[in-house]
Amino acid sequence: MPQNMALRLDLHEAPLARTIQQRLRVDVRACYQCGRCTAGCPVAYAMDAGPHQILRGIQLEQLDWVLSRNTYWICASCVTCTTRCPCEVDVARVMDGLRELALEKGIRPSEQTVKVFHEVFLEWVRRTGRMYEAGLVGLYNLRSRELLASADLVLPMLAHNKVPLLPRRYPAQPEVERIFERARALEGKR
Amino acid sequence: MTRYGYYPGCSLEGTAREYDVSTRIACQELGIELQELDGWSCCGASSAHATRYWLSLALPARNLRLAQEQGFSALVAPCAMCYARLRHTQHALRDPQVREQVNALLDRPLQETEVRVHSLVDLFSEEERLNLLRSKVRRDLSGLRLACYYGCLLVRPPEILEPDDPEYPMMMDRIVEATGATVVDWPLKTECCGGSLALSRTDIALELTRRLLEDAVRRGANAIVTACPMCHANLDMRQEQINRRYGTRLALPVLYFTQLVGLATGHTPKELLLHHHLVEPWKLLAQVGVTA
Amino acid sequence: MARVGVFVCHCGSNIAATVDVAKVAEEAAKMDHVVYATHYLYMCSTPGQELIQQKIQEYNLDRVVVAACSPRMHERTFRKATAQGGLNPYLMEQANIREHDSWVHAEIPVATEKAIEIVRMAVAKAVGLAPLEAAQVGVTKRCLVIGGGIAGVQAALDVAEAGYEVVIVEREPSLGGHMAQLDKTFPTLDCSACILTPKLVDAAQHPKIKLYTYSEVVGVKGFVGNFQVTIRRKPRYVDEKLCTGCGICWNNCPLRPRVQEDGTVKGGFPSKFEANLGRRAAIYVPFAQAVPLVPVIDTEHCTWFVKGGKCGLCAQKCPRGAINYTQSEELVTEPFGAIIVATGFDLFDARALGEYGYGRYPDVITALELERLMNASGPTHGHVLRPSDGRPPKTVVLVSCVGSRDEKIGRPYCSVVCCMYLAKHAIMLKEHDPEVEVYNFYMDIRAAGKDYDEFTRRAIEQYGAHYLRGRVSQVYERDGKLVVEGVDTLIGRPVEIEADLVVLATGITAPEGARELFQTLNISYNQYAFINEAHPKLQPVETNTDGILLAGCVTGPKDIPATVAQASGAAAKAIGILSKDALVANPMVAEVNERECVGCQLCVQVCPYHAIEMTTTRRGKSVAHVNPSVCKGCGLCVNACRGAAINLKGFTDQQLVGQVAALFAEPLAD
């Protein structure tokens, strides 16, 4: 969408709002744009659009614009927005839903590292049945190509007995892996 | 002794081992019998709910089912993240359609009874336990001026987590008060520390954490107490990085509230693994007559 | 055989476009008992009504059926036309072929057939109608006004000026209500007390007005024209007849507040009138111009009451011997013909929204508290000073919609006045100290009144108030400043302001005890305990109970001009009732067949109007009796009666069965 064009509005159908309503049970029409979500958002300063603008984008069916913001990747899931929303809109849930939607549509995340972090985290859970912290950092560094991320923490951590365990498969792992597979199949149905 | 199922969660086996150890000690003191859930698995934490909704329900649901199968009527999850995810899942499962869907993702379906999920902070802040705690205090910790940090996951959303007050919770403050330590009134006690972005957007986590630490210091706190391993990792381990980035000189010890309970009831810092923290609390502890 | 005339209305095209009216008239003419049928463009028009009168005479009709709109719309019109034709007006039956037919069907054959069926049923019912006579009841020519704020006082003055006796019952020790607490009024910036207190004095001195202050309504019986109201008069422990309001008692009370050398005030108790920012003695008047200027004793704190007879200084000092510690509560019952409810409002308790820090930080105050701080006779003598340290603030943040437009806490409605009073506060803060910076967080500026928007623009353009479009998320204290975390949605970024004083525009709520009072009065109210008008557009000052009228914020948030206008409207309605020597009752009421009644009292329980009482017949049998003046003809008792001993006149079982039978008398065409 060229930056200098007026938004094309055609609100006869509302596929985006409907998707949000059906999947997340959030009705964005309830939002009257008071901006309180953005006012209380601790990470809004790092976003290229405030949460209220994302909700407005959904109201106006601007799917491409919404998904190309970094807002929902920056969101730290602190849930302050949902807690204080006077219209009972679960804004934090909308952020979760947009992440899923973007991944489904194969849109390259504006915050690649956030996506990699979540993937790596879940991969360790799937492989071992539990999250493996040392492995999480290692694999994250590899995949995000930030090889030295958190490297300055290694020595102090070792010095304070935060010695990593070795990875192992827990007895729960087989069922956990099956849960991952079944969930993937369910997500694929969409 | 009241018997509770115990769900430590992954962090308490790793970087937050001191939380696990001190939880067991504090519960022993306060008449709470913990029995670790057999075969527990990860709750999926923020990554599951951030990107894969059904997984974020099925992973905690598996642990809730284990608790049912092992005959626990109540489950304690000291990790704020695990606590929040378990409570979110229970909330979602009250919808029969969601429940059916989640059951289909598990090897065996959930049973009907709902297990009560506790955060440990809620259990410790019950009035009779506070009285018990007061009666067991062996050390004068009044020289500790502590800011209680609740973070996000003990309080929000309040409809699901049911804290005493989502905007100004006092549960942990009351526990700290009962140990005899001094509570510092802290308006930022529920502000986010950016923990979920600590690896992926470290700059944001450092900025948010700096704001919290500086504000706690400004208000006269000489340490922070918390109940969240993710917050703890962020607040404790990142201070050097913050100092380098912002030119600050922060060195504020961050304790788990269970360690404080352990200290008050006469346990040694070593038992409570206080040497595991990156910001060493020795100087502070020496001020109140506790030596390593 | 009855002689029925049927008149089918076109209602322009409302009916005629969907219903073949000529066919309906044609079919009606064939029905049993019908001796005449016709159709006409507008039956409610003068020629339409004359048509009915004329045909009654011409065909010697004894029943009239008008097939037209809903009875709610024109039943009175057609009854009147029937009466003018020489028939008892209750021998007219209206068939609704508009709302029940033409408006809800699209196809002409279907709608026409249905219209014929409806008319057939109406004819059957009409045949069974009996003439009814309306009873007349006398009127007590006195008006009760509940609430002595600006609404109640205005209504009382208007009714009294028309020559009728008025009693004002006010819960607080003085008249005046919230308006007395305000400093200035928008958009004219009149001094609130200056325009209000003359009215209070007028009311107090009016020969036709009697005041019961420090009193509450506890019981209401009767019906329009004849209410019996019980009023509880709380003891003031001061004799109103003897007291001159000289002030010796409250100036000598040992528990009075005293100004210290450093300017702070010690002692006394928080004054409700001063929004708890000022202090008063244990014997006090709420404010200097209180009406009546008679103090009350606060028994929770007064040493005489707390320590059982110790102190007694006020009694010793009173030159008139007006102090009476043994006064007790008094119940008085008085008759009234009309009641005006003007019980006003309370303000939302901002403590319920912990994120704003009200109650935790002294410099987070409500707008009403700011009114008192600005007022020359207020606790700071009109200097706007921070409650925490008594210093003048240099940065003030105004927060709109605190407890308004908030679905989360169950208050989705707009409080109407806040946008305007915040504009006033912005102007007044600048007037008090031009150095102050004022920031106003708003969501929408609701300034839909005469000169209102201009006033808001003046705050922005002339006085330089900074309006920020967005809602505040939280307020917390840091280094003696209040950090306000807000947003400007127009620029799309969060904003943070370090303020010295934060003013919360707390919304309007129903006052404490409103539900209980409205239940006592038997008038309906909504989920927020605001009274439902009899009709939201066309009967805005009436309730669903005849003779009980409304004024001011009892129906929802309102500004002063709207409140005063409504008060005068309610007064006019009250005068309309009181000016009659007798009222005509609706004759379509329930009637108990005493022989069938077994005295089970179920009807007494279900009657929403308390119209049914038990009486004893001459033979000593306990039976139900319907008071025809109170009965609204709703029919609940008819349904509840297990022995079918109750009938509703105009809707008797016989009439209704006839109506239904007519529907099934002929098989419906496919």
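Letters are used for the chains, namely A, B and C, taken in the order the chains are written, and counting of residues starts over at 1 for each.
Note that in this section contacts are C-beta pairs under 8 Å (C-beta built on N, C-alpha and C of every residue); 3 or more make two chains touch, one makes a residue touch a chain.
Everything quoted here is computed from the prediction, not taken from an experiment.
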Pairwise touch network: line, ring, star, complete, or other: complete
Distance-maximising chain from chain A - centres being C-alpha averages: C
Euclidean distance of C-alpha centroids - chain B vs chain C, Å: 52
Rounded Å distance, chain A centre to chain B centre (Cα mean): 23
Touching two or more other chains - residues of chain A: 80
Residues of chain C whose C-beta touches two or more other chains: 355, 474
Numbers and ranges of chain B residues touching at least 2 other chains: 166
Of all residues in chain A, those that touch chain B in their complex: 42-43, 46, 74, 76-80, 82-83, 90, 92, 96-97, 99-100, 103, 111, 113-119, 121-122, 125, 129-134, 136-137, 140, 144, 149-150, 152-153, 156-157, 160-162, 164-165, 170-173, 175-176, 178-180, 182-183, 186-187
For the chain C and chain B complex, residues of the former touching the latter: 353-355, 357, 360, 474, 476-479
Contacting residues of chain B [partner chain C, same complex]: 165-168, 187-188, 215, 218
Complex contacts: residues of chain A adjacent to chain C: 30, 32-36, 38-41, 44-45, 49-50, 52-53, 80, 84-88
Residues of chain C touching chain A in the complex: 355, 401, 405-409, 443, 469-474, 485-489, 492-495
